[in-house]
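Think of it as A, B and C in the order they're written, each chain with its own count starting at 1.
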Amino acid sequence: MQAPATALDDMAHTAGALIERLRARSPRVHCITNNVAQNFTANVLLAAGAVPSMTLSPDEVAAFAAGAQALMVNLGTFDAERSAAAEIAIAVAREHKVPWVLDPVFIDRSPQRAAFARHLMTLAPAAVRLNGAEFAALAGSAPETAAAWARDNKTVVALSGETDLVAGGGRLARIANGHALMARVTAMGCAASALVAACLAVEPDALRAAAAALLIIDIAGEVAAETAQGPGSFAAAILDALYRLDAAALAARAKVT
Amino acid sequence: MQAPATALDDMAHTAGALIERLRARSPRVHCITNNVAQNFTANVLLAAGAVPSMTLSPDEVAAFAAGAQALMVNLGTFDAERSAAAEIAIAVAREHKVPWVLDPVFIDRSPQRAAFARHLMTLAPAAVRLNGAEFAALAGSAPETAAAWARDNKTVVALSGETDLVAGGGRLARIANGHALMARVTAMGCAASALVAACLAVEPDALRAAAAALLIIDIAGEVAAETAQGPGSFAAAILDALYRLDAAALAARAKVT
Amino acid sequence: MQAPATALDDMAHTAGALIERLRARSPRVHCITNNVAQNFTANVLLAAGAVPSMTLSPDEVAAFAAGAQALMVNLGTFDAERSAAAEIAIAVAREHKVPWVLDPVFIDRSPQRAAFARHLMTLAPAAVRLNGAEFAALAGSAPETAAAWARDNKTVVALSGETDLVAGGGRLARIANGHALMARVTAMGCAASALVAACLAVEPDALRAAAAALLIIDIAGEVAAETAQGPGSFAAAILDALYRLDAAALAARAKVT
């Protein structure tokens, strides 16, 4: 029988340290992501201090992935070009010890994507960021089983929801931050996955990196909501908040158990 | 001889009811649209209460269209992938009684697109949203003939211009709302077409749905222009205005004859 | 031995005249550009008074380029479709005397792109806009050699950096305007290249056109930074500033030597 998962402590402090590291080191995060999300994802990474690259070309993607500090693979546009690019980039990332993150967008609506996502799971992602329906399609079990599934699959699961759940290696964090307007801006989840990759670029403990990334974007969302008039101004304000976020705001707002 | 078109009454009331229905039902609108417009279109749908999906993959698009509540096909990026996706999605939509909208972008500049748009017209779109130059290329006649052409083609024409004209089935609405800054933000027309599709998802009378959609986005544009400093803040503010729009604002501002 | 480059005078005045011409003439600028940059580039052109078009289709791109007032080719998404579109569009542009601009994005990270960029240099771009690393990859020499390289290659080099350098035909301008937030918004350089093309559409002196374009976007960035809270509000504010920019603001802020 497995022991119950242990909670993570000091996550606000960890998140504050990681955002400082992002700004100091400017890691490059290579993203294979969908058409809709590319621009906002790039701007989220830039606002947080990282540098995006997004090429998909089969001639180039290996070199871009090999030199990156992290890789994010998002299945939101599921075409032959991106599937091939994902295979190449992940192989190179593994060879060069570049951590990579899987975001299996909408696999609950497409058996083909779900099958591809299950194949990618055999290639050892450091973390998988997804929502409850996507988790169910990937794991074949309810979101409540995420901690056990993460342990069994030797990865970190970052499950977005009203309360985010981040689990892996017998540890668990629940993050009760965020704001409802985050669901009214397209690509917010895709951008969160890219931020998980950025944090993995500067923090070897994948569980703390993933939890910090979700905490950072959730708290940026709360800050943004204080001045936003709706989803349009919110999308701009969350970039501003990411750019300005500091340890004090993280400590004051974090609701992690 | 055909009778003159009858005016639509109570459009502000209809628009108010439809925006409530969008928020209550969150219909999914599948969009086959151009690269430039994808992000803004998704954000317009989310701000109005609908849910966007945008896959183009030949393996997936049938399932996405079959389960959607409306379909929008925009020809702004005219490539083999999107043409094939449009054919598949429209066939499935017709089979599942999912209403679909055509937006024949720039067919006045491309004979190939115009020919494809004329082919798509044989597949019974519930509505066609376009500008005057595009109408002329599609119909081979001046915008003044839109009401007759809509009747002859058993569709609804939603013709954007300084005054929008929405016509079909012997009825006609002229909408004198909107703001000049709408022409200074890319993809505004494409997003309007997606909103027409969203309204068709919650209103079976295609003429009222199309007229309500244009009235909603035009009035959101007027509200946005009151605080915008230029096209950048306007693009955010129109999303905010869509998100906050209520029956009172629609009633106070609507100029429909 | 070559004579030293001469400085450009009255650049604030030239920039003010060009922005007036853009608003009066609304030239169409055809852009073959990357996925990430398409939306923001279109909005920058619209804010400045120009009209964007972005089709890549091999059946259509010749007609779009032939009828445009300028062409911009950006290598940020380097795929077969865009490479083919670039070849077609550039050939047609040269035939119709449409000036064209090259933006060789990330050629310092990809030998394939660098080779393609060197090939495109044989097709007589009116201007090349790039950063220091990209210049070094293209020219095989340090940015300090830009003036000589531009002269030798019978083009204009617009080199973005903390101080921008614009050189060609034995003349040289250094622009010390701009703001650090410009590097925190994706596609800012790509959009600057499109603005260079727009200015070429209304000004036959390529050196003055390129210098004016960089001066315009740099000063719009300074104006935007005065109210922005971070990169999200900055991206909107720079569009607003472009839309509102006038000769007085240009004259008051220009730092050109």
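In the analysis below, a contact is a pair of C-beta atoms (placed from the backbone, for glycine too) under 8 Å apart; a residue touches a chain by one contact, two chains touch by 3 or more.
These figures come from a predicted structure and were not determined experimentally.
Participant: How big is the rotation, 0 to 180°, that puts the C-alpha atoms of chain B on those of chain C, in steps of 5?
Facilitator: 120
Participant: So chain A and chain C: same face meeting same face, with over half the numbers shared, or different?
Facilitator: Counting shared over all numbers used gives less than one half: different.
Participant: Centroid of chain A to centroid of chain C, CA atoms only: how many Å?
Facilitator: 34
Participant: By residue number and range, which residues of chain B touch two or more other chains?
Facilitator: Residues 35, 39, 235-236 of chain B each touch two or more of the other chains.
Participant: Along chain A, where are the residues that touch chain B in the complex?
Facilitator: On the chain A side, the touching residues are 35-37, 39-40, 77-79, 106, 109-110, 112-113, 183-187, 228-233, 235-236.
Participant: Provide the residue numbers of chain C that touch chain B in the complex, in ascending order.
Facilitator: Interface residues on chain C, with respect to chain B: 35, 38-39, 42-43, 46-47, 52-57, 59-60, 63-64, 67, 81, 235-244.
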